[in-house]
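Please read through the structure below; I'll follow up with questions.
We just call them A, B, C and D in the order they show up, numbering each chain from 1.
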Amino acid sequence: MRAVSFIRQFVEVALAIAIAPLFTGWIAQCRAWLQNRSAPPLLLPYRMLRKLFFKDVALAADASALFRATPYVLFGTMVLAAAIIPSLVTDLPLARVADSIALVGLFATARVFLSLAAMDIGTAFGTLGARREMMVGFLAEPALLMVLFNAFLLYGSTSLPSLVDGYRTHPSVIDPSVIFAAVAFVMVALAENARIPIDNPSTHLELTMIHEAMLLEYSARHLALVEWASSLKLFNYACIGFALFLPWGIATQGADGAGALLVAIAALIGKLVIAGAALALIESLSAKLRIFRAPEYLAMAFLLAVLGLLVHFLLGA
Amino acid sequence: MEILIILGLPLLGAALLALFGARRFAAELNAGMSLATLIAASLLVVRVIRYGPMLFGREQFFVDPFNVFLVALTAFVGFTTALFSRPYMRIEEAHGRLNPRRLRLYHSMYQLFMFAMLLALLTNNMGLLWVAMEAATLSTVLLVSLYRTRASLEAAWKYFILCGVGIAQALFGTILLYFAAEKTLGREGMTALLWTHLNAVKGQLEPRVLGLAFVFLLVGYGTKVGLAPLHNWLPDAHAEGPTPVSAVLSGLLLNVALYAVIRCKVLVEGSIGHLLPGRMLMTFGLLSAVLGAFFIWRQRDIKRLFGYSSIEHMGIITFAFGLGGPVANFAALLHMTVHSLTKSAIFFTAGHASQTAGTQQMDGIRGLVGISPPIGWGLMLGSLAILGMPPFGVFASEFLILTTAMREHPWTTPFLLIALGVAFAGIFSRVQPMVFGESDSPPLPHSPALLPVFVHLAMVLTLGVYMPAALAEWYRAAARLIG
Amino acid sequence: MLLSANHWISGLAETLAVNDLHSVLLLVAAWMVLGFAGFLRPHSIRFVARFLFPAGAVLCLGVALLAGLFLASGHAPQLVVLPLGLPDLPFHIRLDVLSAFFLLLLGVAGAGISTFAAGYFRSGEGTAPALLGLEYHFFLASMAMVILADDAYLFMVAWETMALSSYFLVTSHHRIPEIRRAGFLYMIMAHVGAVCILLCFGVLQGGSWQFTFDAMRGAHFTPFWATTAFLLALLGFGAKAGLVPMHVWLPEAHPAAPSPVSAMMSGLMLKTAIYGMLRISFDLLSVRFWQWGVLLLALGLFSALFGAIFAAVQTDMKRLLAYSSIENVGLIFTGIGLSILFETSNMHLFAALAMTAALVHSLNHALFKSLLFLTTGSVLHATKQRSLGKLGGLIRRMPWVASLALIGTLSIAGLPPLNGFVSEWLLLQSFLFTPQLPHAFLNMLIPLGAAALALTVALSAYVMVKFYGVIFLGQPREPSLVNAHDANWLERLGLIWLAAGCVLIGALPQLAIMAAAPVTGKLVGDTVRSSSTFWSIAPIAQEQASYSGLILLAGILSVVAITFVCVRVVAHGRIRRTAAWDCGYPWQTSRMQDTAEGFGQPIRHMFGTFFRMERSLPSASDTAPRYRVYIEDRLWRAIYLPIARGVQKLADGIGFLQGGRLSIYLLYSFLTLLGLLVFVL
Amino acid sequence: MHTSQLIAEVLRVLAAGLLLISFAMLSGRRTQQLITLFAWQGVMLFLSTCLVAYSSGLTEMYYSAALTLLLKVIALPWILNRLIKRLGAQWDSEQLVNVPTTMLAGLVLVIFAFGLAQPISSMATTITRHTLGIALAVILLAFLMMITRRKAVTQVIGFLAMENGLFLAATSATYGMPMVIELGIALDLLVGVFILGIFFFQIREQFDSLDLHNLESLKED
């Protein structure tokens, strides 16, 4: 492990933290265009964060320490996740710390903390949101695991960098199972990031919302951290998707030098732009499901992932 | 010499108590005579340990490893039961269920019963064995009907008729045995009925006759063992007789009857081979165990409950003897010992429990630990012991029996599993609410002296985790003897 | 660095452990002495609880230390023969790596539990203190003897003594009918299971009187008999471990017991069943077949899913934990099943991986399940409430218990960087390698297994959020909760000990893996490579999968710290306390919070087929509308009631055999006689 | 030789008579009558025992013959008669379960008994060997009688008839058991009858009848 790889690690994390809100903003803009509304400025999320950071926190009277600690924990886990996912380079020192299963675990930790925090105040909506969030979670998490299992079957590893390396070194065959996995992954990503059709990030109609319902009691810097964390989460999911399905441009083992890094950054931004547009498109085209339909949707994703595995055994090597 | 003492003491006791049985000191006298018998028995035991098996009185009596420990056991349980019956019968008398005349009858018959059983155990003569068994029946009949209630009379009547008929079959079997034996042994000096001689020549005895004889002997003595479906007298007699009588019936009489069966089995096996008698015993044993277990499930009367449990255990022991072989026989002998100790202890506590509750109906007995901890824990521990919970000795024998059965006749294990499981559920579901839970009656000021109970349980516990070398040696020798 | 530490430990072991077995036996004997010592002052709770129990805890530590040293030192198995038991079968006692591992588990968790119990037991509750102490310490001692026994008889004696002592502990509040019922059910299942184990030994015995495990190891069996033995063992130990469908007693008995006892039963006693399963299927039986593995796998996964689903719909906090025990036992059995699968197809490394997962999970479960049961004990004492519907907001009244319970919750939910995640990670890893099995059919099936496992793990997180959130967070659902008090210092000490264990194994899982390594080496002939660096584990190969709890923990903490500092530096720390906003909804009461039933709703909705449900919905005209839902286990009606009914029927049916008519009785004898005569004719 | 053959003939006739009497008891209705028949059985036994004693020249057989005469012909019938007179039970007849079927069953039993005894008696050395089958038949018939009767007294008579069968077996098959045993058996029998006597009165005073259907309260219900 050389110093340079630590530097790259740092660059990657810093980049992630920096451009995650931008990605969110970009998606919002695309949605606005697609729904031909006048788009909000691209940098709106940053302004939002800045404003929130300098407000006073209005904290519910009997909020416990858990409630106050949670935003930091969320942010921390997401940053760590960003450090593990090979968005730019595969030669990441921290990637050995946690493979993809641990990554799923990290997301779960974040989810559990958020839900607990939402239950802490004991308001009707908070607990409602927490329950729904956990429900979505315990169906989405195994689906994600199955997607990763699928990737493992292809490249024989659970650590994302080795996956990318494996993909790059292998002659890039499209295994039929990958298609199933990809669809499943997209569905999971939508669900996990509180997007339509499971949840609507921009609604505040209490009875339908999940994610927002949990944040109702948060304000100011806490809210800022939570929002930032959720945009980081979205960014992370996008990067996982890239690593699994379109790992082109990522600087692999041995490909050192600033050149590769620049290429990687460029590729990443390009992919993000496309992905954001695609996400906005999906959201605009699909309608939000009733909350009772959510399990069916997620079960579908889960089944697709498992089906991918079976397909791999039936057709693949 | 010891033989005369051992047999003489109870006889003397019977005579004395027939005279003084109604006096205040009768109970003490009863206990005293039993103690003397116990001491004599232990002397005999010591002597046997020192000099090995021996014959007495023109070969009419003999002591070998098989019967010596049964003699000791009988004398011991006889003594503890006498101890227990002293306060118990006093209370019965105070409750007005007995009068001095009945007590006299009770005491003298008790001693006579002890005499009959010791005779049955010690005699070498199959005919005398039969006479002793009959005498044991006759002496207990009047004990069962001691309360002179309708129920007790009915129980005694059934007991008398069934066992009388059974014992008649046994006599026919004995005659057939003699018939077969006299050809080889001749008629002089009654050697043709002496077990030792028969055992010596069993190879030459006529197989057909012995097979026939065994059937009659098995049905005859089996009735007294309480093997299903010949068992019907047993629960009634246990439930309706006074508790000490139930204790000695379960603890001793069944053992002695089984002892007679096994003595005959040894001879018959020698002549017609292992298969037939073994299979018969196994079948009877399994049937009794399973039937007993299912009958346990439906009991409401506490003494009836444990009467059926005696049937179940006798079934298990018979099954083990049927299996044969050193391990199974060892286990069966051990089980005989621990069963009679445990079961008598249980009957002691059950007697006190029903005395304090004023009923033998189990629904009427509640929260004994609250009323009197010794009774409660005595009943709980006793039941756990009889249910084969380690470290009590019953578990040791069941362990050996089950493992041997699994090894030699796996097809029998499902039946044993069912029997044990059902019996466990049946007894435990009854005992738990009797011992635990709320009770409406207040705690007893002073609990009855339950020394015999805890002595018995302590012995059973000891046998479960540690067996004295001498005892083990007897068991082994007896097991070899039985083959 | 790790290796050097290892050397150092083993050197210490060499010097210290002259003969561990003797010292262990001494400690076990000391437990029994403690048990009897209570009768010196039978009614003084201060003497028994405050003095004897801590002493017992110290002994636990001693046992754990000796076992750990034995594992580290790599001694050969040590044998002792006591002059007790049956004449030709004295008590054989043996300490080998497998026993040592489970002794370690017993000691570590037992120490915490005993410390807690010292503070927990109050006077005037249930049975007399002395009796309680006797039963408690005999429970400990018998579990140790089960683990140490080296012949069938001693094993069975210890096994049943364990059942007996725990039964008396469960029924220590025997005046409550439900508790008596639970105790009865427990006793029945325990006894039937024990008989099955007994029969299994009957199959295994090497010949007449050959009941020592050595003789059994020597014996050879046809596949049929080996399978019979295995199935009997599965029945027996499964019944004790609460494997579905032999689980019915568990959710009744565990909640009924006083909390430290629940902790011991869930945390430790279930593990003795795991131990027995391993001992018989891997040590005593010389042959194994892959079908066994499939069976265990199927049963384990089903139990895990079943337990998680039922835990999710419980409304009693201790029942919830009991069902989660079923889930975890299921996971452990899954690991064993996989291990058998791999081992029978000669993939020893993967077999070792799966078994390591099972062993580590046993250890973890012992830690966090005891921790959680103990916290419920504190809650119970503080609030007198077991029903989730009457709790809430305790994090403000009992901060100690709440924060320690949080650790337990996160661990059992399988979240990094705590210990629950480690074992589940290992289990998933071992699932990943199943495709290399030589059975094409299994290759198709096992991904489904992996899916079920993933679902279970995720579901357990749901369950634990419900558990923690409803008990400790939100508003108190009963006015009486406001004067709930925190645990006393002994209780805290015990909880802290266990929580520390959770964190430690979470951060340095290689400690647990090192402890398990000799066991796997002995049982499946290979050990998981713990990686070159001391801070991370890579069971198979670095590039395939690696995990480092320590760095993860450090990373999260440091990032959180940095963020905190930055936020404070850039912005400010001003806080205004106000009423909760809740979308400006004015009149909120604690009844408006989501309830335990509410949390169960999605599960009931999705997995309805598992339950028998009875719902009473309020009608529009109800003056006091109330929503009741009653959940029942289908298996109870499907399996157990029919058996009970069948026995009842038979018992009723045979009544006519004894109709009271003497003539009929005579007829029986007559027919028996004739029958036998025909038989010999 | 000649005499021995004659004796054998007579013995066989006596045994046949015994069997005949058992059938008569099986069908007998009144208690009084049953007791008389029982006494006749005793007579048959006495005669056959004497003959056996004479033919085998065993003196102790004479003793047992005397014992039979005393016990079975004189004492027991007398006791029983006194009993039933005291209990006023001598006239109460009882409905048998359908005499013909009982008879048929008895017939089957007899055949069965002969079939059973055939191989054994063929190997006996005594001149009385063929009576073994008859003895067994008598026993089984007595058993059947006990099953079919409903009165306590009649059951007891059946019990005693069974004893007769046993005795016949003892004498015929094996020239009698050793004397000690004989005495013991006789003693037990006597005591048994006395106890029965006591019982009758107790039952009588409790149930004021000797019907056995009073004694059916102890059962599993």
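In this text, contacts are C-beta pairs under 8 Å (C-beta built on N, C-alpha and C of every residue); 3 or more make two chains touch, one makes a residue touch a chain.
Since the model is a prediction, treat every value here as computed from it, not as a measurement.
Undergrad: Could you tell me the least number of steps, going only between chains that touch, from chain B to chain C?
TA: 1
Undergrad: Measuring between mean CA coordinates, which chain is farthest from chain D?
TA: Greatest centre separation from chain D goes to chain A.
Undergrad: Which chains share more C-beta contacts than any other pair?
TA: Greatest count of contact pairs is found between chains A-C.
Undergrad: Could you grab the centroid distance between chain C and chain D? Build each centroid from C-alpha atoms only and quote it in angstrom.
TA: 71
Undergrad: With chain centres taken as the means of their Cα atoms, state the distance from chain A to chain D in Å.
TA: Here chain A and chain D have centroids separated by 102 Å.
Undergrad: Just the number, please: Cα centre separation of chain A and chain C in whole Å.
TA: 35
Undergrad: Need the CA-centroid distance for the pair chain A / chain B, whole Å please.
TA: For chain A versus chain B, the centre distance works out to 79 Å.
Undergrad: Which chain B residues touch at least two other chains?
TA: Touching at least two other chains: 157-158, 161, 165, 212, 295, 298.
Undergrad: Residue numbers in chain C touching 2 or more other chains?
TA: In chain C, the residues touching two or more other chains are 654-655, 657-658, 662, 666, 673, 677.
Undergrad: For chain D, write out the residues touching at least two other chains, lowest number first.
TA: Answer for chain D, listing residues that touch two or more other chains: 116, 143, 146, 155, 215-218, 220.
Undergrad: Each pair of chains that touch: what are they?
TA: A-C, B-C, B-D, C-D
Undergrad: Taking the touch rule as given, give the residues of chain C at its contact with chain D in the complex, in rising order.
TA: Result: residues 654-663, 666-667, 670, 673-674, 677, 681 of chain C touch chain D.
Undergrad: Considering only the defined contacts, which chain C positions touch chain A in the complex?
TA: Touching chain A: residues 392-393, 395-396, 406, 410, 413-416, 421, 425, 428-429, 431-432, 435, 443-444, 447-448, 450-451, 454-455, 457-459, 461-462, 464-466, 468-470, 473-475, 536, 538, 542-548, 551-552, 555-557, 559-560, 563-564, 567, 570-572, 574-583, 585, 588, 590, 592-594, 598-599, 602, 605-606 of chain C.
Undergrad: Which of the residues in chain B come into contact with chain D in the complex?
TA: 125, 127-128, 130-131, 134-135, 138, 141-142, 145, 148-151, 153-158, 160-161, 164-165, 168, 171-172, 175-176, 178-179, 182-183, 187, 190, 193, 206, 208-209, 212, 236, 239-240, 295, 298
Undergrad: Can you list the residues on chain B that touch chain C in the complex?
TA: Contacts found on chain B: 157-158, 161-162, 165-166, 169, 211-212, 214-216, 218-219, 223, 229-230, 232-233, 235, 276, 280, 291, 294-295, 297-298, 325-327, 369, 384, 387, 389-391, 395-396, 399-400, 402-407, 413, 417, 420-422, 424-425, 428-429, 432-433, 436-438, 464-467, 469, 472, 475-476.
Undergrad: Chain C touches which residues of chain D in the complex?
TA: 112, 115-116, 143-144, 146-150, 155, 212-213, 215-221
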